[in-house]
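The structures considered in this document are given below.
Two complexes come next, and they have one chain in common, chain A, joined by chain B in the first and chain C in the second.
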Partner chain A sequence: MSRTAAAAAEPSAYVSRRPEWLRLLLRPFSGDAAFPWLAPLIVMLLLFTIYPLIYNIWLSFHEYAPFRRQLEFVGLDNWRTLWQDTRFWGSLGVTFTYFFFVLTVQLVLGMAIALLLDSDEPGFGLLRALLTLTLVIPPAITGMMFLLMQDSEFGVITYILESVGLLDGTQPILSTGSTALIGVMLADIWQWTPFMVLIFLAGLRSLPPEPFEAAMLDGASPFQIFRRITLPLMSKVIAVAVLIRGIDVFRMFDYVFVMTSGGPGTSTYVLSLYAWQQTFSFVKWGYGATISLVSLAIILIVANLFIKLAKVRW
Partner chain B sequence: MIVQSTYRRRWRMLAAWGVVALFVFPLYYWITTAFKNARDIFDRPPNVWVFEPTLKNFEEVFGISLGFLRQQEVLPGGGNFYMAPRLWDSIVVAIGSTTLSVMIATLAAYALSRLDFKNRHLFVGWVLSTRMMPPVAVAIPLFFIYKDVGLLDSYTGIILIHAVMNLPLAVLLMKSFFDDIPREIDESAIIDGASRWLIFRRVILPMAKGGIAATAVLCFIFSWTEFVFVLTLTQTGLKTVPVVSSSFVTSTGTAWGNMAALGAAAMIPAFIFILLVQKQLVRGLTLGSLKQ
Partner chain C sequence: MATVEYRNIAKTYGAFEVMHDLNLSIADGEFAVLLGASGCGKTTLLRMTAGLETVTAGDLLIDDRRVNDVPPRDRDIAMVFQNYALYPTMTVAENISFSLEIRSVPKAERRRRAEEAAALVGLTEHLNRYPRELSGGQRQRVAMARAMVRDAKVFLFDEPLSNLDAKLRAQMRFEIRQLHDRLGTTTIYVTHDQIEAMTMADKIVLMRGGEIEQVGTPDELYDRPVSRFAADFIGSPAMNFVEGTIEANGNAPAFVAEGMHLALSTSISALPGRRVVCGLRPADLVLDTDGSVEGHLVLAEKTGPDLQLHMTVGGQDFIATAPRDANVQSGDRVRLTVAPEKLHLFDPDNGQRL
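And then the complex of A and B:
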């Protein structure tokens, strides 16, 4: 600290030791102008998000013509196809089913586990640390883990479900239309419920003790305390967790790609996967771009609306 | 009263350990699979606790010899999954993109934390919106853009897009760390005649060291685990670990042991890193919005 103060007190002595080119480079950073500081960020975002976005919109008005081997202008054809494509509407449905189910389970389970782990007793710190481990596993590898555990012949989850009579051994979880999406959700719920737990725990542990003490003196039941005190005090924390998790659940791609590739049939086709496959597997470059634009638009509108309504601030 | 509360405490402890065990089990199962022979992996009912440990899977995946591999053993996938270069790809991409992200983000975060400019709120909104974009919606156009400029299948291409992917996190998180440093320090230094750059370099950066480290760790992890961009923008030149894992699924079967060995090896650095940043984890996961 004393060294920094000394350096701050004698700026000229310090600056003069720099070579000329560096001094020129740093000159824009001496005053109060914000632009030089932001310029690298702006350039990167323009090049890698805004330009691709414009390119994507341009692409949605074109389509690859396999016989002439080139992109051709097709006007609004891709958007018209989209409107009539039952597979697109189906994948939109799958995406929303996945979104609401996974987010709800993670929210409820996350809060329940957080309340359970909210304790100062020895050992609970270790439990919290163990829970963070799932967050850093590549989702693609999580997908593989659950692929192995849900294998119809030697999977451990299959085995447990069969021994308690929930499965009869004739319907593999991930290749049966009615259960495949649940199998994928299981991977997501396993990996990201701890995300909710950790955020809620941090929130719970920073709550002031006074309202709880007062409520206990008044003889409030644990449920009343949770409903009337904990939840309102935690509303900001919950909003942030739901926002960030919601964004990631909506754009989920990795699990379905490695676990089911959208199948069986179209039962696990989420929007991201459908867009990707149209472009790269079925060589419908423009159509894939169109679908990805829809998912982009939905997420930008919904998430920004949520930020406004829930008053989340950065 | 006291007896009852000890009783309840015990139950709570037991329930807590039970729940966490449920979350750790898949991890245990995957890591033990890495040390199993095919015979134990394909056993039915599943062989969870007792098996004959082997390092054979690691030998095959990383091309090393520890004496477990016998020639006559035939793998379901046909053998020969040499993955050491893919681990190297992952390391280069993660370190490269993290460095780039953190450098750009610290500069921008300083401006967002300390300097006033028009529409600052909108600018933060724009950065945040970047975090919302579905990777597929960026990967599709980027594939064609990269093809035109020759960045497809290159370290540079992947490092750049991973850096951009991590920028919203890095910028907002660094901003929250800079916001923690009292503004009076800047102001008194300015009165002493110091330039903004000098304050940034000599005061803010040293004080935010811990925050920068936490940001870097999170950027590293997210690049390390990223899937869509590498899947889309590479062909043969490089592949990171998450993407290359799917190559263990072949028409003759899945080499689960090898896949688990590679997966387990890829998890270790991430586990170490995440345990290092426990204190800043929640702040990081919420992009700096919640402080612990």
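And then the complex of A and C:
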């Protein structure tokens, strides 16, 4: 008896228990209007993405005048300078070289290691878990590690390469124009290939086993199965991994900053380092903003082209 | 086309033995059905035949050649999987002709044979579609066409119809059997559905707990089940089992239990006074006012063509079938009779046929 009475009283008691201010606050969310739910995200986007972007564009038409201590409108000057700046074009070339080489090696090596680790035998779970280790190291620290390992006096990589006769001891890896970029790439490849492996492994291990068994019975060799079954089934996963990694690689900064500072000469001067140098060393805020805008535009164009071509669906 | 022979086959997973000393031979061109409940080892046996599982001990022979260590791709076997296992990124035509592509058959020839196979299973319209655009039944046909295009020595089917609806299942049953009759390829077909086994098989291999319970034609399994298990597995609705004793009145032995007194054919060798289990198929029971089985009718269920009589006989559930126009009602006391040669007697302890 008392239980039914309590149940009947429940709804009204529930409403009245809520304080007035809370009811007013929650009222917009009680209907089916979309805006109240979207508002927090819109505010964040405006504050942290749209506003900085617009400010950056605005900045590219201005330049800081150190003596007058103010930003002054310079029209298209920054863009004209950029067009004629050989150091800008040089760094763009370095960035693309780095981008294609690192991405290709990480993709191929990542897939190869993922295929090797895709096994249910005991111990492989541990191996897969160990892969995450390189990912938790700050890139700047990795840069330091590789700087030391490639030291011409006591670096272990230098020592090994000299032992097998690939280096003759007269040309330190990171201070020689022809090898410095490769030296930086080594750090990136070592640190981020496991990331590719992890994504590929997640993809490989979620594939259904039956098409592979069917292909075996159809007479396909392991290589044919990889080319005709595994790769097509993995294409979306590969595309996403390449996209994420590609954007990262394109705006790489830490390794060159720590290991070579862009040198020797300009042989490792990537775009983000050049933008950083113009902005903070030379206090050319407008020009730095212009370079970073170009970098953004390239990433957007390349990434969207890639999404189109690889038919990635989000 | 080929023979398949299993000699003393054993299979263990770690310390767990799922199959022990299994012997079976399947003749050239035969349609053999491996029948059994889930976990009985029928799929394991099929996958060992395909080479997808290793054989722990014994010899597996295809066309008199030992293939234990031959990889799947060199066994010349085609298999249709339960969930079809189509290549998702290939069109129907590419799916069907993939095995030919592997064998470097010229493109035109590939296309021609794929079209032929597709025509056989009624897929001509869909050659350029992807598996995801097809219905379950159509996917099943692609899987069959993919197997057929091969001219393989042996066809393996792993519960191919279990994902289809009842109507389509009946149709595909017929089509698979027809296909076999046309191609004449040795076929091993795994199922847990006794109707599929009864309708399609030349030879049924009934399995239980990793061992073969009975091998025979569908008629042999239906008419002379070797054990209570086999009798129970085949036939729908399932056989009724009643425990009772044999009584001998001179030359006329009879099976006696509560609510029934059934004359036995004189060929029964069981001793008088012995306790036995008697099996009666619902379809063998006939309504008869002079019948010697007396029961209480709980429910007369209309199935369309006939009535299913749910009864209690001597306190035990009992099912019989009757013509649809039978004049019976729930709550009636009914009498049934059964021909002596339709009785199946089993040992109550080990379940073996007497």
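Just so we're on the same page, the second predicted complex is superposed on the first by the 293 of 314 C-alpha atoms of A that agree within 3 Å, B and C clash if a C-alpha of one lies under 4 Å from a C-alpha of the other, contacts with A are read in each partner's own complex, and residues count from 1 in each chain.
The rule we apply is simple: a residue touches a chain if its C-beta (ideal position, glycine included) is under 8 Å from a C-beta of that chain, and two chains touch if they have at least 3 such contacts.
Treat the numbers as computed from the prediction; the structure is a model and nothing was measured.
Student: Aligned on chain A, chain B and chain C: do they clash or fit?
Tutor: fit
Student: Give one of first, second, both or neither to describe whether A:296 is in contact with chain B, with chain C, with both, or with none.
Tutor: first
Student: Roughly what angle, nearest 10 degrees, sits at the C-alpha centre of chain A between those of chain B and chain C?
Tutor: With chain A as the vertex, chain B and chain C sit 90 degrees apart.
Student: With the two complexes superposed on chain A, say which partner A:267 touches: chain B (first), chain C (second), both, or neither.
Tutor: The answer is neither, since A:267 touches no partner chain.
Student: Touching A:199, do we find chain B (first), chain C (second), both, or neither?
Tutor: In the superposed model, A:199 contacts chain B only, not chain C.
Student: Of the partners chain B and chain C, which touch A:135 in the superposed model: first, second, both, neither?
Tutor: In the superposed model, A:135 contacts chain B only, not chain C.
Student: Just to be sure I read the superposition right, which of the two partners does A:217 touch: chain B = first, chain C = second, or both, or neither?
Tutor: Once the two structures are laid over each other on A, A:217 reaches chain C alone.
Student: Residues of chain A touched: more by chain B or chain C?
Tutor: For chain A, the partner with the higher number of touched residues is B.
Student: With the two complexes overlaid on chain A, what is the closest approach of chain B to chain C, counting only CA atoms, in Å?
Tutor: 5
Student: Both chain B and chain C contact which residues of chain A?
Tutor: none
Student: Mind pulling up the chain C residues that touch chain A in the complex?
Tutor: 50-52, 71-75, 77-79, 81, 83-90, 98-99, 102-103, 146, 150
Student: Give the list of chain B residues in touch with chain A in this complex.
Tutor: By the definition above, chain B touches chain A via 9, 12-13, 15-17, 19-20, 23-24, 26-27, 29-30, 33, 41-46, 48, 103-105, 107-108, 110-112, 115-117, 123-145, 160-161, 163-164, 167, 171-172, 175, 189, 192-200, 202-203, 206, 221, 224-228, 231-232, 241-243, 245-246, 256, 259-260, 263, 266-267, 270-271, 273-275, 278, 281-282, 285-290, 292.
Student: In the complex of these two chains, what residues of chain A are touching chain B?
Tutor: Of all residues in chain A, those touching chain B are 4, 7-9, 11-12, 14-15, 26, 29-35, 37-38, 40-41, 44-45, 48-49, 51-53, 55-56, 59, 113, 116-117, 119, 121, 123-124, 127, 129-141, 144-146, 148-149, 153-156, 159, 190, 193-195, 198-199, 202-203, 206, 236-237, 240-241, 244, 247, 250-251, 253-254, 257-258, 271-273, 275-276, 279-280, 285, 288-289, 292-293, 295-296, 299-300, 303-304, 307, 312-314.
Student: Would you mind writing out the residues of chain A in touch with chain C in their complex?
Tutor: Spelled out, the residues of chain A in touch with chain C are 208, 210-211, 213-221, 224, 228-229, 232-233, 235.
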